[in-house]
Structures are given as C-alpha cells and as structure tokens.
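Here subunit A shows up in two complexes: once beside subunit B, once beside subunit C.
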Partner chain A sequence: MSNYTKKQVSDLVKGTLDWETVHLMLSMPKDKDRYKLYMEVLQENVSYDDKILLAVGPHLNIVESAKDQEIIIKCDCGHEFGHYSKNWKLGALIYVRDSVEKMKEVYPELMAPDTSWQVYREYYCPSCGIMHDVEAPTPWYPVMHDIEPDLKTFFEWLEMPAPAKI
Partner chain B sequence: MTIMKNALGNTPGLLLKNGLTLDDHRNAVLERTTKTGFYNALEKLEFKEKDPIGYERIFSKIRAGLVNSREVAKKIAASPIVEQEGELCFTLYNVAGDCVATSTGIIIHVGTMGAAIKYMIQNNWETNPGIADGDMFTNNDCQTGNVHPCDIATIVPIFYDGLLVAWVGGVTHVIDTGAVGPGSMSNGQIQRFGDGLQITCRKTGVNDTPLRDWLHESQRAVRTTKYWILDEKTRIAGCHMIRKMLLEVIEEEGAEAVDKFMYEVVEDGRRGLVSRIKAMCIPGKVRTVAFVDVPYNHPDVHVPSTFARMDSIMHAPCEITVNGDGTWRLDFEGCSRWGWHTYNANPTAFTSGIWVMMTQSLVPTERINDGARYATTFRLPKGTWTNPDDRRTAHADAWHFLVSSWSSLWRGISRTYFGRGYLEEVNAGNSNPCNWLQGGGVNQDGEVHAVNSFETAACGTGACAVKDGLNHAAAIWNPEGDMGDIEIWELAEPLLYLGRRIKTNTGGYGKYRGGLGYETLRMVWNSADWTMFFMGNGYMNSDWGLMGGYPSATGYRFEAHNTGLKERIAEGKSLPLGQDRDPSLCEYEKHLGPNATVKRDKQCITTEDMYDNGDLYLNYLRGGPGFGDPLDREIKDIEEDLNQNFLLEEFAVKIYGAVFTKDDEGVYSLDAAKTKARQAEIRKERIARGAPVREWMETERAKIIDKDASLQVQQMFASSFYLSPKFLGEFKEFWDLPADWELPEEELGTPMYGARHTMEIGELPDVHPVIMTEE
Partner chain C sequence: MNDLTNPVEVLGIDAGGTMTDTFFVRADGTFVVGKAQSDVDEANAVLTSSADALAHWDKTPEEVFPQMVTCVFSGTAMLNRVVGRKGLRTGLIVSKGFEDFHRMGRAIQCYLGYAFEDRLHLNTHRYDEPLAHIHDTRGVTERVDSKGGVVIPVRLHEAREAARELIEQGCKAIVISFLSSYLNGTHERAVRDVCLEVAKEMGVKIPVFASVDYYPVRKETHRTNTTLLEAYAAEPSRAILANLSDRMKDIGAKYDVRVMASHGGTISWKAKELARTLVSGPIGGVMGSRYLAEQLGYENVACSDIGGTSFDMALIVKGKVSMHQDGDMARLVLSLPLVSMDTIGAGAGSFVRIDPYSNSLKLGPDSAGYRVGTCWPAGGVDTVSVTDCHIILGYLNPDNFLGGILELDVPRARQCVKDQIADPLGMSLEDAAAGVIELLDLSLRQHLRAMISAKGYSPSDFVCFSYGGGGPVHAYGYTMGLGFKETIVPAWAAGFSAFGCATADFEYRYDKSTDIGITKDSTTADKQEAVDTLGAAWKELADKVMEEFKINGFTEDDVTLTPGYRMQYLGQLNDLEMNSPLTQIGTPEDWDKLVATFDETYARVYADAARSPELGFGVTAAIMRGSVETKKPSIPSEPDAGPNPPAEAITGTRPFYYGRKWVDAKLYKMENLLPGNRVTGPAVIESDATTYVVPTGFETWLDGHRLFHLIEVE
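On to the complex of A and B.
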C-alpha cells in the first residue's frame, strides 16, 4: 500500500504533481488515505463551512450543510443545487447548441455534429457561470442523472462514521 | 449464466480424469459457482495459501510463456495488422473453458475464444467431431462468441498422459474474410450471408497438421491469401509453443498443482476485481449513454436491399450499479434494435471486450482472466444491437458501436474514481477510433488484394483529471496502440503518403483537453483497379466530454478524383501535402487540377467506390474528449496549444477567452491578465444566455408532443421504446407526457423489415448457444 502526503494530493488536484509520483499512483495499489486527504484539500479550496463528503465535479461537491446537516450539492461559489439524491442539473442554467451557427462557435465547419442528429447541452452554475457539464445527446433525450452514490455503504467501505442525514 | 443440462445424456466422458464428460464437468463447475458465489466453490485458495511461491511460479511461467509465444509468433505474420499493430493474442483455458491467463494484445479474446470452447463443450464436440491430441479447431463465427469475422481463432486442446488438461487459443485479425466489401471491417453487406467466411468451431487440423481441404477452401474464400496463410501459421505456431510450455510446467510442477492452479487463478481473478472496485469506486448508480450515427440514406451508400437504406442511430444507455459487496452490474436496458448494417455485436463481444478497457484502469494487472467476468453481471436485452435475436445479422465492424458504448462506461466509472480522489485514473472517455481506410482491387503487385489501414490504433485518448489526453497515441481496443510505419503501409497498400500530420482542433476542449488525432493524405498509386470507402462517425459524436469538458471534433470526409496530380508532379507544381488545418478553407483544392472533383462533407460512411491512380483519400483519425471547464485551463497550456498547432486561433478566442499577440515568426504569446478578464466576461455571458433547465424542459416537451425531430431521432426512440417499456415509462415520466403519448415505429414510415419477425441461431436443430448474460 502506498502513502502520499497532503501536499502531494493537493498538487494532484492542482495538476502540478510530478509525473513520477503520478505514475506511482497509477501503478501501485491504491492508498486508502486518499479520500481523507482529498477531502481536506478540497475543503481548503472553498470558502464555505459545509463539510465536503464527495466530489462530483471539479467545482461541484456533495456536502453536509453546516446549517441543518442536510446533504446537498453545492458549487464552489456557494450556489446550492438541492438534495444530493436529486439531479443537480435540473437547478442549473442550460444552453443548447442546436443550430449550425451555435456549433460554429465551438468547432470548425464540418467538425461539429449535425444538429438534426445531435445537440450539445451546456450546464452552467446560475451564480458563477462555471460550466459543470456538457451533454451530447440526441434532441428529446432526458437530462442525464449521472451519479447516485450510496453514501451509507460508501462510508462503511471507508470505515468512517457516516453523516447523520444520509 | 444459463446452465445447459447434460447434452451428452449419461455417456461417460473419456477425456477427463474425473470421468465426467466435458459438458457435465463444466455444468458442475457452474453449479458450484452459482451456489457458493465463489468460482468452483473455492471459498479458500488452498494452493495459493499453502504454497504461495509455487502458485506464483506457475503463474509467472504461464504468463511469460504466453507473452513470449505471442512475440515470437507475430514475426511469422506478414500482415501489418498483426506484425506492426500487434492484433493478435494467445490465451490459456482450463478444461471447463474458463480463461486462466492471457498474453498481451487484443485481450478481448479472453472471452471470445472461451465462448467457442464452451460452445464445443456444450454442443458435444467430444463425440462428434471428437477432440484428440494434435487436433486444431478454427472459429470466427459471430454467433459463437466472435466479435467480427476477421478475428480468426485457432484452438488447440492440450493433453497430458492421455487426458485433456487445458485448451489454448490464438487469434489474429486478418485483413480480409471475403465479405462483400473488401477489408476486414467492411460495410456494404447487411447480413451474415455477405459478411465473409464464417467457420463454426470446425476441426481444421489433426496430428498437428492443418487439413488440406481447409487450406484450399479457406484461401479461395478470401482476397488476401498470402496474409491468410501466414496468419494461420502464426496462430498454430503460437498455440504449439504454449502447449509445449504448459507440458513443461506440468513436468516441473506436477499435474495436480497445475490443475489446482487452473481453477484457483480464476477465483483469484474474481476476488481481484471485487477488491479493486471496493478500493477505487463508489457504491451506488452511475448512468451513461452513447450514440452512433448510421447514415445509410445517402447516394454514396450502396447497399443491396431497400430496407437497409435508412438513417438510424445506435442508442446505448447503461446503468452501472456498484454493489455493496464489491461486485457490479451493467444494465443496458433501453438499447436500440440491431440493424441491417455490419455494426451489430453479440453479447460475448460486449462482455469480453469490456476488459480491454478496464485493464487500463480498474484491473491494470497481468492477471486478467475469466474471474473478472464472474464478479460482473451483464444485462444485455434481447433484440438490441448488442444481443440480436436474429441469425441473419452482420458484424464485420461491430467495434463501431462497441467502442462508443465502452467509452461511455469509462466516462461513467471515472466519476467514481474522481469522487474518491483517484484523479490519476479518471479518463473522459476515448475517441471512436476511426476512420477505417478500407478498399481493394488489384494492387501494385498485380494481385487481388484488400486493405484495412490500422492507423486507427493511434487515435487521441481522453483527457484525465490531472493531464491532457495523449495525442495520436492509442485505441480503446488495443492498449498497445501503434500507428505503424509509413513505409510498411506503402508496401501493403497502393497508396502513397502525401503527408501525415497532427489534426488541429480535434481534441475536446477542457481544463485538460482530449488528445489530438492525426490525418494522413493518401494518393492512389500503381494500382491496376482500385476501390476505397470510408468508415467512421460524422453526423454525430459518440464521445462526450466529462465534467465540463467538450466532446472531441466529429469526422468529415475528403476525397478527390481526376486530380491532375500526375501532371502537376511532372510540371513541378505545388501539391497538397497533407494538412487540412481548417476544413472550411479547402486547402487541398488549391493544389489540384482544374477538373478535379471533390467530395468534402460529413458523410463518413460510404461503400466501395472506384479510385484511379492520382486520386486522393483523407484518412482522418479522431481525437479524444476533454475534461473540466475549458475556462480553467492554464494560460501556458492554451499558449502551447496555439504554438504547437493543436488549436486554431478562432477557438482559442471563443472557447478559452484567449487574448494574445503573434510575432513575425508566428509565435503566440498570451496576455494572462487580459485572458483572465475575458474569461470572467465569458462566465457572465453564459449566465446571460443560459435558461433555467426547467423552463427549457417545457419547450423541449412541446417539441416531443409535436413530434418535432428528425426521422432518425424518432426511429431511434421508437426502436428503444418497443424493446423496453421501462425506458418508455421513464421517458414519459421525465418529460411529463400524457398517458396516451406513444411513438410506434409503424407511424414513421421507415423500413421495418426484420423489426417484428426474427429467428435466433438457437432455433436451428441441435444448436445450443452459450448464454453468459442476463437478457
């Protein structure tokens, strides 16, 4: 079992960790402490006090609300998307690239999809404008609910106490 | 797992030490596994625990023998697909047909050759045609576990002291199987009956000698005979080297130890996956989806039957459930129907192929065997493209759909790695490795020939959560990606290279961008008669980005005829030298003669068309998807993208908000402060143009009620709705549609031949298919 420092995990999150260590992380058995260190690093990167439980995007976390201990999804900027069991995208802003003109803004001619077959759906945080996700489905496709974690079992796996309101 | 009861009746078996028939023995193994949850009821790995060194010694000898045999045998092949790209694999199986260990290479065949062995076991090959020392069996039947007909497997039973102790299989990807379209992954044919030679576990050799009737008949069935025979020799040599190795191991370690090992190592593999899932993933559900365009309603797609001339879309939704006990379930409820094209897949292709990808993240060990499958539940609904309920389906390019659905799995499971902080394992997906340059005719040596360029083995990879994807590096189906040497391809194909360059703007944008693809411009040269066609995605992109990253660029087609290049070469005029940097600028056309005819469009699937010497063909190999919001990309990395010709100026501005200067030598310098300021503005612009999702849903819902979508989109949904009332129910619930809303395929007017009346392979007399998934 490998072990890494908090500084190394912090550098990993920043994308500045040296390749030798990244390679070690890839090739060696996974370090069980990673989750704990990762949460500490993420917590230091946000200004809110709610406890981060799980990362679902570079700027999107499942947190335990400091206010009422509810488990919610929260943007780094502080915007709250609601209970973690619900699809956060339904509370986001959406921009759909569904025409040739809109596709030309992102790819050269001939290198973007034909929008009668496929559209791009960009999901933004209503408060800070971060793009949390881009979907590329057909028209009509339901909004994807990407992940529904089983937090109770997860904390059992981690052998850590689970938050009260899971 | 469906257990077929005693196909042999009560006939005593003669091949195994325990006196059971092969079928009874396999069924007993399956029953013990089902009953206990441990492979062959091996709750304890007694041999491994008692003699760990001995156990590891046997593993090391077998694994080294497999890898060594592959490396030696591939030098026999002349086909660049095998010799350059390494499209071959050797695998050892226990007598029950479960994989013990495999070589490097296209390890999808862990399962495909195993399926063929299981088929022989289940269908009484033991008594007819018989299984004896020195026999060879050949299989490439897509209804018997194979992915596509061009993967030819040679299977050799291994005997020790008069008893069967193991099986070894070797597979190579041959260049041609004599399908309607030339090349190993062709289109044009729409049914099995045009998909090339298919051999069903046929005994093709006795006493270690290939049978003459097999050699004569099979050569006549394919275009590329020299490659065919040398590939055959490659497989036989590898299998025989491995047989010799195993018999030496038995002599050294003892028959009993090796026999125990052959079962314990499978259970060891099962536990390995469970342990890794618990170490890296998050329990719960992850959902993904993938699509692939099948644009067959086009004048350049010539298929023999009217019912195949339609535009359609492959739909592959997947719900991944990571269970509390560390096993997992992959459920493809909602997939669209199989079709009249060559992109259908059978369940073994799916369930076995997934390990090609998972060995690159979830199980990155040399111990890949059938154990991982025993820890995985697959649900592939009957009638879908990945479990056709009809024996007529074609499969020559099954990978076209498979890679896209697997790429989405990679993206999905990466969400769980990301959540736990294993960012180094995150992969936004992969490119759909294409274009497949294929064709045939009479080549530069005056011989009937066919080609399939495997430059696809080096497409762009998906971005990671800590770094960019790799440029022109790999393919999802072969972790040992290699684009091959130009000189070798020019020997194998009557096509000169006018250039091979990185393909600008093909990596999906993101905090970390996808790896870029590349492009090669080929000029037909010295052929007598020649045809070519295109095979790839164009109207759709099958590879989404992850967590704010964009998908990679889609494909397009460029071909030119009557180019005047012979004259331009003679006159010393400029030539198109291989970079189509911005397709809208039509750079190649500036270097062609006045009478050239050019096709430059998004029709990336075509069928065989004639090419003269001097004609051009662009082979554009795709890039990978991106990760994270592009506005998070480091300034220096955007600058590097510009200076390395990875990114067009226009999109550095639009996507990344780059503000830069360019000096006299064309070197870009970004202004960090102005770029950051512009990025802040872009975030505000996003907020201004974005609509609340629930408001947008109202407008989209109105379109659904009005049935306002292209025919191909509606046909895709209608096909999935018919096969899956659950998917229809969830769709209607999500969009809050009226209870009586429906979309029957019958109302669309699209061809429905094959949609309602089918016949499975299992309906043939005396045929018992091997079923290893939930359906």
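On to the complex of A and C.
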C-alpha cells in the first residue's frame, strides 16, 4: 500500500499530477487515506458548507445538506438538484443538438453524426449555466440515469460511519 | 608471465544507469572487473571504472590502453534519452494527409512494456509523446502504390516550403518517411536532396534522413519511428562516443571503439545507422552466453540475468540465438532485428507491499533501483525492497554492500520490514522477509519455466547460465526443482554483460523487405525473376555493409558476407529467418535450394507434419550480414587444485536464515577459491561485485574456467 500527500491528490483532481504517479495510483490498491484527502480537496473547491460524500461530475457532488441532513446532489455554485436517488438530469436545463446546423457548431461538416441516428443532449445548471454532462444517444432514447450509488455499502467498505439519512 | 607475453587485449564496457562496469581480459583469459558510479560525462565514468579494474593488476589505464586491441561499449544513455524525450528536435516530412500517423502510433504502443495487469486495464493505457511534434510535421503531396508504382508525382515545391519552415522553427534534423517508400525510394530521395539544398541556402548544416536510405522495410510506423530515432537519439550519442574515443586516444589507445547493437553484433561508433545500438546491455549477456557455450560445448542454454529492476531471459538452441524481426524498445515499435528476449519487471530491488484486499505480499511493479531500499537511509526510500530482506536474513553483507561504498542501517530495515510486512501479516520478522524472497524466486521460476515450455522445450534440455548483479544471489531460488541439466554461475557474473560485448563479432546487418512469391503454378521464368530480385536486394545490402566497413578502413578482402532471407509458406503469418545455403544466386535451380533449406528449417522448428509446401513459398525479406575478424577474450583455463578450498578463501561465518531457521553460513572470498574446490551449503561466496548464495541442500564447485556449477543435492 502506498501513501500520497494531499498535494498529490489535489494535483490528481486538477489533472496536473505527473503520469508516473498517476500510473502507480491506478495500478496499486487504494491507500486508506485517499477518500478523506479526496473529499477535503473537493470541499476546498466549493463555497458551500454541506459535507461532500461523493463526486458525480467535475462540478457536481452528492452532499449531506447542512440544514436538514438530507442527502442531495449539488452544483459547485450551490444549486440543488434534489435527492441523490433521483436522476439530477431531470432538473437540469437540456439542449438537444438534433440538426445538421446545430452539429456544425461543434464539429466540421461531415464529421458529425447523422442526427436521425444520433443526437447530443447537453445538461446545464439552471443557476450558473455550467455544463454538467453530454449524452450521445439515439433520438428516442430516455434520459440516462448514470449513477445510483449504494451509499450504505460504500461507507461499510470505507469502514466509516455513514450519514444518518442514507 | 610478463606484459609482453600476456598483454591486456580486450575491454568490454557496460555503462548502466547506476554503475559503469569495465571488463579487462589478458591474452591468457585472466580478467579483472572494475566499477564506477555512472557520470553525465560517460568518458569520465569509463576511465574511473578502468582505473578501478586495472588497480587489481597494479596497472593504470595509461600503461594498458596502448597495448589493447579491442574495445566494445554498451550503454543506456541513448535509451534514457528516448524514454525521457530529451533528444534532438526533429522535423518530420510525410505523405500529405498522413501527418497524424506518427503521433497516433500503433495501438500496441499504449501498453508495450507494461506489467500484465496494466496491459489488461484500459485506464492504464497511455500514448507517450511522439518523437516529432505535430507542429514539426509537414505533409508533401505524393503517392507510391503498394507495387511501387508512382500514382501522384512528388510536388517538390511543397517539400522546399516544408524544409524552410521546419528549419526556421528550430528543427535540428529532418526525417522523411513516405508510404511504400521501401518499394520505390525516388520520392524520398528527391525530397531529401531538396531539404539539403534548402539547408545550404539558409546557411545551416543539419542532417537529413530518408527512411529508404536506412530502413527500407514495410510497416510505416515501425520504419518512421526507427528513422526518427536515428536523428532524435543516435546523433547526440555519436557526439558522446566521439568524446570517449578521443579521450582514449589521448592516453594512447589505438583501437576503434565499437558499440553493441540489437542484432547481437557490434558496430563502429562511426556507423551510419547507430539507432540499432539503442538497447545493448542485456544483449551483451546473451552474446557472452553464446560465446561461452560455443567454447565449452554446451548446445542449449537458458540465459538468465537478474538486475535491480528486471529479469531478462533468452534461449540459445543448438548454438543459435533467435531473432525478432520487428523489435520494440522504449515502448516504440521499430524496424530493427533484435535478439529475442523475455523480460519481466521484477528484480532484486523490487518494492514489497501488502495488498490490503487479499492481505498478501505484492512485488513491484516499481523498484528502488539505485536507491537500494530502506536499509540505505541516504537513498530516501521508505518502502521495503527485496534487498532489505536479503540484508536482514544474512544473504548480503551489510558492511560490504557493493564493495562497501554504501553505509547501510540494518536496524532501520528491520523496523520497516516489521511495520510494513511482518506485523500486518502476523508473522515473525524473519519468516516475513523469507516469504518475500520465496515469492520473488517463485515468480522468476514460473516465468523461466513458461518461457521454455512456450517454445516447445523442456528445462531438462538446457543448461542455465545465471549472471547479472543479482543472478548469483537468486540462482538457487529460481532454478530449484526446474530440472535444468546444470546451473552455471560465472565468477565474473557482475561484469558478464561487459564481457559479452567483448565477445560479439564486429558485424553489420542490413535488412530489406521483399515481395517474392512462387507457387506450384509458377514458371521457370517466374523463378528466374524471383532469384534476380533477391540477388539484387542482396547486392544493395552488401554495398551498404561494405560502405560501413570502409569507414573503419577495411577492404572487401577483410569482410565475410553472409546472405540470409526470411521465407514463409504463402498465406501464413509467420516467417522464418535463415542463412542462405548459397552465397551467390542466379538460376531457377537456386530457388529450389532456398526452398529446401526453408523446408528443413521449418520441420526442425515446428514439425515435419506442419510443413505446407502446397501453399507455395514467399520471401519477405533479404538479409545481409558482414563481419571482420576481431580479437575476443580467451576463457581462463586453470589447473585443478582439489576439492578443499585454501585457507585464504575461508573468511568466517555469518548467521543466515533459510528453511525457517537461523544457521551459520560459511563465508568464502570468491577470488581466492581455486578450480576443483567444492563448497557445501549453507555458504555464501563473496566478492566486491557480487554475492553467490549456496543454501542448505545445494553444493557448488568451481571448474578450471572459473565457472561455478550449482548442484541440488536433495
């Protein structure tokens, strides 16, 4: 087992950690401190006080709400998407690229998919406008629910006390 | 004997990342090994190491260098330059529309050289930086088809513009690599001349490399990588070797320095194609094994070399070393013939950790390398390494580690092994450390067995040679129970790669892809054409070989040319390499002789029944090797002095943990043992450069050639 510093975990999150260290981190069993350091780094990057439990996107976290201890999904800006067991995308602003014209804004002509086969669905925060996710499904496909974490088991694995309202 | 009748004739150099070894041999085969810490200035390290070696004979480099006749160098500097991407900034000109193929690379390059688990898992796959940056890449309109025909003539005004831009941007060399250029090199050569012209007009002097002049072979990623290495990595090495050569000449050397190359021969440092010396150290050991085997009459040898970070294995079958046509090195696919070797990333310096999920020991994949382990606080390592376990258990002498140049802290190592390994596993300190060594030995043993059986052989057909810094420590462990005919540890194991370099031929080898196919429906005229094509390729390659030898002042009378070819049954994927039964070819009957040789070789390598002559025969490559006579080290030959070691060889005892208990191992000084002496385990035979461990259940005897034979007695 290895030990990494908070600086290294912070660089990992920022994407500036050197490849040799990243490679070792990927190949080796996780160090005991990693979750704690990772959450500390994430917490320092947001302005709210609610405790971060898990990241679901670069600017989207599952947190324990400071006001009522509910477990919710929250944008870095503070916007709340609701209970973590629900699909946060249903509360996002959605932009669908479903025509040649809209595709041309992101890819050169003839290098984008045929929109009768595949569309892009972009999900934005209603408060700050940051893009949280992009899906590339067939046009009729339902909104995808990417992650439904089993937080109870997760905290058992971590051998840490779980938040009350899981 | 005096200096006149027994001069020092041969020098082999192995300039590794940490240590620079030198190996001097006298005419009668007696030798000395020297060590020095490697230096940015390689010439310094070589001279320091030489002084260290020659001090054993009370000599200095100034006295000895003028009498020497041969010097062979191998080193890791070029490889490190590639791995660290610290080469010469090189511009790349390719067929227009294919500017990205070099940086995309072959998919295999994203996991080459990785441990097995990391090959399987996509998240660890990664593409290294390309050798030439995309901003230093230009496309020129042109196209040659797969038969060598010109489809689009080359637009030279584009080449002119490209060359000017690349030079203005700061490129210090230009490489040209077009599609299918191995079939028709006119476009590449025309662009090469334009680049040279432009450079001249701009008043700069830069080298220009057309792939067809160097590696006229199929597979453009391989060919482009290899030609790029010529510019990117080999040119800087040439300057370093020139410096080494000058420094040696300053103190009276009269020989030309040669460099070990991937094909197993040595070439001059002045050679046009120097990239083939990229990997040389481990190949030196294989060549040394082949030479020893040939001199002493061993037909089949399993070569094993264990260093601090890796375990390298190779097989010699019926005196022959097998070759890879497209070797890979430094995670790059290359068009270089390479001595076949299997390498695993576990060595004497591997780190040891506990896997928290399975609560079991895990070795590597990283290693302490020159930082040794927790036993050397100055190295700054706080993770336990295999070396720590060896120190704790009495395998290695902490007071004379690497000849005593490092001061070790054994209590610290004991504490680290206790905290990190023994306590979590609930074992005693000794059993935990012994478990680490057993695990490493088991893993090496499995790889050695797998390599031999994968090629269809059994260990009982082989003699195992064990060398490298860690070989003699582990030889008993990784050969135990495998059933080798014999296990042999040369007394000069630590300098064996340097020795091996000195035994290699002065030999150039050039390859050229060919597309020749003859079926049972082919006519005599077709065979004539096939023979003419192969003959012309041999002629072209022979000219290249001669061109190289002329640089060193040899004439055609000095050079022995050996033509070869790679042949396959048409439609099969694998081809076989062999020497031609004929030195000249010219008639359709000659074709039948080439085919007969292939048929016999195929039956020997695979099986008689696997032969498929009904498919027809193809020649995929022409090969030409040329060599000249060189002075090689003699193998020492000393008289038998009986089984009992002399008093001056016996140096005491040391507590040694083996088989779950502490025992007193007898200690011997390796240099003072005499031929015929027998030593029964538990014993540790020590010299400055290496430690040879003979545990309970083993015995060893030294023969007249200073080779130790290790025997399992139970």
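The rule is short, and it goes like this: the second predicted complex is superposed on the first by the 166 of 166 C-alpha atoms of A that agree within 3 Å, B and C clash if a C-alpha of one lies under 4 Å from a C-alpha of the other, contacts with A are read in each partner's own complex, and residues count from 1 in each chain.
The rule is simple: a contact is a pair of C-beta atoms (placed from the backbone, for glycine too) under 8 Å apart; a residue touches a chain by one contact, two chains touch by 3 or more.
The shown structure was predicted, so the numbers you read here are calculated from the model rather than taken from an experiment.
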item	value
Clash or fit (per the criteria above) of subunit B with subunit C on subunit A	clash
Touching partner for A:84 - first (subunit B), second (subunit C), both, neither	neither
Subunit B versus subunit C as contact partner of A:58, first or second or both or neither	first
Touched partner set for A:26, first subunit B, second subunit C, both or neither	both
First, second, both or neither for A:4, with subunit B first and subunit C second	neither
Touched subunit A residues, subunit B compared with subunit C	B
Offending stretch of subunit B which, after superposing on A, collides with subunit C (from 150-158, 240-248, 276-284 or 294-302)	240-248
Doubly contacted subunit A residues - partners subunit C and subunit B	26-27, 29-30, 32
Touch list for subunit A against partner subunit B, complex	9, 12-13, 15, 17, 22, 25-27, 29-30, 32, 34-35, 37-39, 54-60, 89-96, 105-114, 116-118, 120, 122-124, 126, 128-151, 153-154, 156-157
Residues of subunit A that touch subunit C when the two form their complex	1-2, 19, 23-24, 26-30, 32
Subunit C residues touching subunit A - in the complex, by the definition given at the top	115, 117-118, 121, 123-124, 126, 353-357, 362, 365-366, 383
Residues of subunit B defined as touching subunit A within the complex	278-280, 282-289, 291, 293, 313, 315, 322, 324, 364, 412, 415-416, 418-425, 465-467, 505-506, 509, 511-512, 538-541, 544-545, 547-551, 553-554, 556, 582-584, 600-602, 628-632, 634, 648, 650-651, 654-655, 682-687, 689-694, 696-697, 700, 703-704, 709-710, 712-713, 716-717, 730-731, 734-735
